[in-house]
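Each structure below is given as structure tokens.
In the two complexes that follow, chain A is the common piece, with chain B as its partner first and chain C second.
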Partner chain A sequence: MSALRLYLRLIGASVRAQMQYRASFFIRSSVDFLVVVADFLPIYFLVRKFGALEGWSLAELALLYGMVEVSWATIEGGLRGFEHFGTYLIQGELDRWLLRPRSVILQIAAHWFEIRKLGRIAQGALVLTIAAIVLQLDARSWAWVLTGVCGGMLFFAGVVMLGAAAQFWTLGETSELQNMLTYGGSAALSYPVSIYAQWFRRVLTYGIPLAFVNYFPALAALHRTAVEGWPAIMPWLSPPVCAAVLLVAHAAFTRGLRRYESTGS
Partner chain B sequence: MAYFASLRVYPSFARCAFQRRAAYRLANWTGITVNFFFFLIHAQVFFAFFRGRAQVAGWRAEEAVRYFATSEALVMVLGVLTAQSGIQLAERIRTGDVVVDLARPVPLWARHVAESFGSALYYALTRTVVLYIGAMLVYRLPLPHRAAMLWAPLAIVLGVGIVAALMYLAGATAYWMEYAHGPVMVVVLALSFLGGVMVPLDFYPVAMRWVADLLPFRGAVYTPIAIANGTLGGAALAFGLAHQVLWLGVLLWLSHVVEERGTRRLAALGG
Partner chain C sequence: MIEVANLRKEYRVARHHRGALGALRNLVETGHDVVRAVDGISFTIAVGEFVGFIGPNGAGKSTTVKMLTGVLEPTAGTVRVAGREPRRERVAHVAHLGVVFGQRTQLWWDLPVIESFDLLRHIYRIAEPAYRAQRDRLVEMLEIGPLLDVPVRKLSLGQRMRCELAASLVHAPDILFLDEPTIGLDVVAKETIRTFLAVENRERGTTILLTTHDLVDIERLCPRMILIDHGRVVYDGSVEQIRRSLGNERRLRVDFDGPAPPAVPANVEVEERGPERLVLRFRRDQVPAPQLIAWLAERAPITDLSLEETPIERIVAGIYRDGLRDGLRDGLPPNS
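Let's turn to the complex of A and B:
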């Protein structure tokens, strides 16, 4: 419990620091909200030109987009320290964290909370809510949507932690690789996994389990699990699979930390 | 004229930028992997949309997928989708480090553009060919054949210049604002949306297309990619190139003006 209290205190400090520049905060949050224009509007244009995407209407695509955006933007803002970990490692910041009598993971997590990402979370939540209203989701479907969003947060937390862990071995040079799973992953998940070629679909389901982030929970919410030819258990597997990704990442990070030898200077 | 007195320094700036990039070999390969992953997504989404439809908005599926092969191969060359150069400039202005740059007898905006060309050349040599060939082979896409494609190198050079100038202008707002990250991010989003990174502009609604055709952003993304893809020819090609030349001229002139005004303001603050 004291860990959580410390996390909240440190986060509070970083939020207060950012709120010193109120105009800047307002401008940057608004810009992050505009991501909806660059990322979702093109999908709308495509549906307008082509019609539905293999049976998925615009509202159903919007549901997928909203779910993955909310989970990813929350992690992108809340766990910023892991994304920049390569830089901290090179600059020797990690040595300072190691000296403090608290877990390194906690300190990285609490290092920076990017409050402007609230704008990005808001646009995802807005698209998600409008989609849910248009689709007239009932309480049970809403529960599935929220399950997917929470699972997605665990998944993306695992990805940024894995990305940080990789830096112990490659010293910052592979920091772009996690972008494939975070930015690339959220781009891929804006569309139903069923449209992808079989090999790609398999990779997204059994390899890098991105499909469990929003696709399977959305199928359950839309009562389409059977229609798309999946066993009924798949949506239920979503939370444990996402939690497993985080656990693996945690183990990898701990191992990396153990082999860390600093620069010696 | 300071710009022309020392023309020889600009290739040196470009070479330094090139070498800075070349220091990170592994980073280049991870970058290629990420670009290729994005290509696979775009390609499959468009194949899915085109399923059962031979032609939409005058495009065939292969042409649309090849557009993304070209765009992923050029995205780093053109320097779109990344805010790095704009934010770096903004930070130097905010911290005052920019004074060191301004002390040199070379206009900062011109140096910024020269450095962009250095990075562009590096990415053109390391990423473009690998990504383009890889993407074309995965789906066995037919090569575009159109004489107009010969204009592609020119369109790419103009595109690199437009992005460099836009980034400079966005970063230079730091002379007036506490944080210039906002304007820089707006430019990044505009390049993506109004440039047609996610969806070629031909699939946009008519009114939106009109707006995109007027603004400079399509000159940085859509024009070079569509020419290299063999999409543009005849009047559309002439319009695209003229639009690029015009906007590049305007943006470079603006950069010059902004630097004059901005540095005066910086001096007023005490440097």
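Let's turn to the complex of A and C:
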């Protein structure tokens, strides 16, 4: 509880600091707004042209898109410190965190809140809600949607933490790899996994388990698990798989930190 | 309070080859050199001591301090601070520790100073009344009242450093590590900080370890100094003692009413000669100053004179350059 309070306090400080540069804040927020529109536009045109995508209606695709958008934007905004970790490491900021009697992970997470991502979270939530209303989702389906969103947050938190952990060994050389997983991953997940080739579907399911973020929970919400030819257990595996990603990332980060303490570089 | 025994720290540094071909070799070869940054350091610091920690760049000072703060793990040897092992018990250890890095800020750059203090209160979980009392005391002593509502980025270096000190002491730590707290400051700002540190040490009994290149800091503040070089302690003792043993050289400047004497006694060296002035250098153990002055006064009427001790900087520069060999010759124990 006290950790959450401290997180919110530090996040608040980060927001107040960014508000000092108001003009820049408004420009960046509107740019992000446009990016969101530009993101969803291709899906819209695609479906308008073909009517549906592998049996997915526009509303169903919007649901899929909204889910991953909300979870990724929340993590990207709320845990921004992990994405910048390589820079902090080189600048020696980590020493400062180690010198304070609180969890290092907590301090990194709370170091920076990207307020302009709030717009993106709102956009995603809007798309998601409209889609859910159009699809007339019942309570059970809503629960699956929320499970997917929360699982996605755990998953993406794991990815950014893993990216930060890698910095201990590579010092800033791995950020592109991380971008591939986060930006690339969230873009790939805007479409149902079923439209991809067999091998890529396997990668998304068993390799980098991105499919568990929104695809499987969405299948459960839309009663399509069997239609798409998956075992009924898949949606249920979503929360444990996402949680496992975060746990692995946490272990990797702890190891990296121990390495830092023994090498100092 | 601080016990360090046979402390050692080795780094593995990737071997680098030069040139275009070398860059290629760097990719495939993973050769490592072991660099021993700290090579068997031992010392003990008691509660309430004010110790100067000096040494040339790359001597191992900051590596040692990092091991004392728990940021770095020693390769070998032991560190105990207030009975704790810094690395094992990081959270408990740093809760009683204040640290100032002169070159790096711990304040929130874009926010008013007071917000940093408030955030630190929550980070260190300080109760409101204790926090307010300590903060008000620091604000008054460091005269930073008018700065509290100014964003940190708008402060001058001197103002910022006073705020850094206050920030490092908000949680009333028992131990304070200072790394170059006066670097780049003007004379007045340095003086303010020195006065504050002296009071903090004397009145609250805070144990202070001060790393600095400004030896005036050491002379003014630290009864004891630890000098390290090449990862080893080369001197640990009082500033007074090192001055007595190594600061043998004195300088005498004399103004005469009329032409200066053409010759000087044995063992006295003329550093500068003007028509009516002499600047002389001699060793204290060879030439007693009163005798020299009397000798000069017999030859020409003296209008003015001044006697200077060797500046501590010269002594330390000598040790950095030549090691302690000269000191040993003068009867200074190597590790007293």
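Structure notes:
The criterion applied here is as follows: the second predicted complex is superposed on the first by the 249 of 265 C-alpha atoms of A that agree within 3 Å, B and C clash if a C-alpha of one lies under 4 Å from a C-alpha of the other, contacts with A are read in each partner's own complex, and residues count from 1 in each chain.
Rule of thumb we're sticking to: contacts are C-beta pairs under 8 Å (C-beta built on N, C-alpha and C of every residue); 3 or more make two chains touch, one makes a residue touch a chain.
Because the structure is a prediction, the values reported are computed rather than measured.
Applying the stated contact rule after C-alpha superposition, one finds that A:Ala139 touches neither chain B nor chain C.
A count of residues in chain A touched by chain B and by chain C gives the higher number to B. By the touch criterion defined above, A:Leu4 lies against neither chain B nor chain C after alignment on the C-alpha atoms of chain A.
Judged by the touch definition given at the top, the superposed model places A:Glu54 against chain B, while chain C stays out of reach.
When the shared chain is aligned, chain C comes close enough to touch A:Gly92, but chain B does not. Once the two complexes are laid over each other on the shared chain, residue contacts for A:Ile233 go to neither chain B nor chain C. Contacts of A:Ala13 after superposition: chain C is touched, whereas chain B is not reached.
In the superposition on chain A, A:Arg102 contacts chain C only, with no contact to chain B. When the two complexes are overlaid on their common chain A, residue A:Ala197 makes contact with chain B while staying clear of chain C. Residues common to the contacts of chain A with chain B and with chain C across the two structures: 21. The residues of chain C lying in touch with chain A in their complex are 11-12, 63, 66, 69-73, 87, 90-92, 94-95, 97, 99, 101, 104, 106, 108-111, 115, 119, 122-125, 151. Residues 2, 5-6, 9-10, 13, 16-18, 20-21, 92, 95-96, 98-102, 261-265 of chain A are the ones that touch chain C when the two sit in their complex. Considering their complex, residues 21, 23-24, 27-28, 30-32, 34-35, 37-39, 41-43, 45-46, 48-50, 53-54, 170, 173-177, 179-180, 184, 187-188, 191, 195-197, 200 of chain A touch chain B. The touching residues of chain B, counted against chain A in their complex, run 24, 26-27, 30-31, 33-34, 37-38, 40-41, 44-45, 48-51, 53, 56-57, 177-179, 181-182, 185-186, 189, 192-193, 198-199, 203-205, 208.
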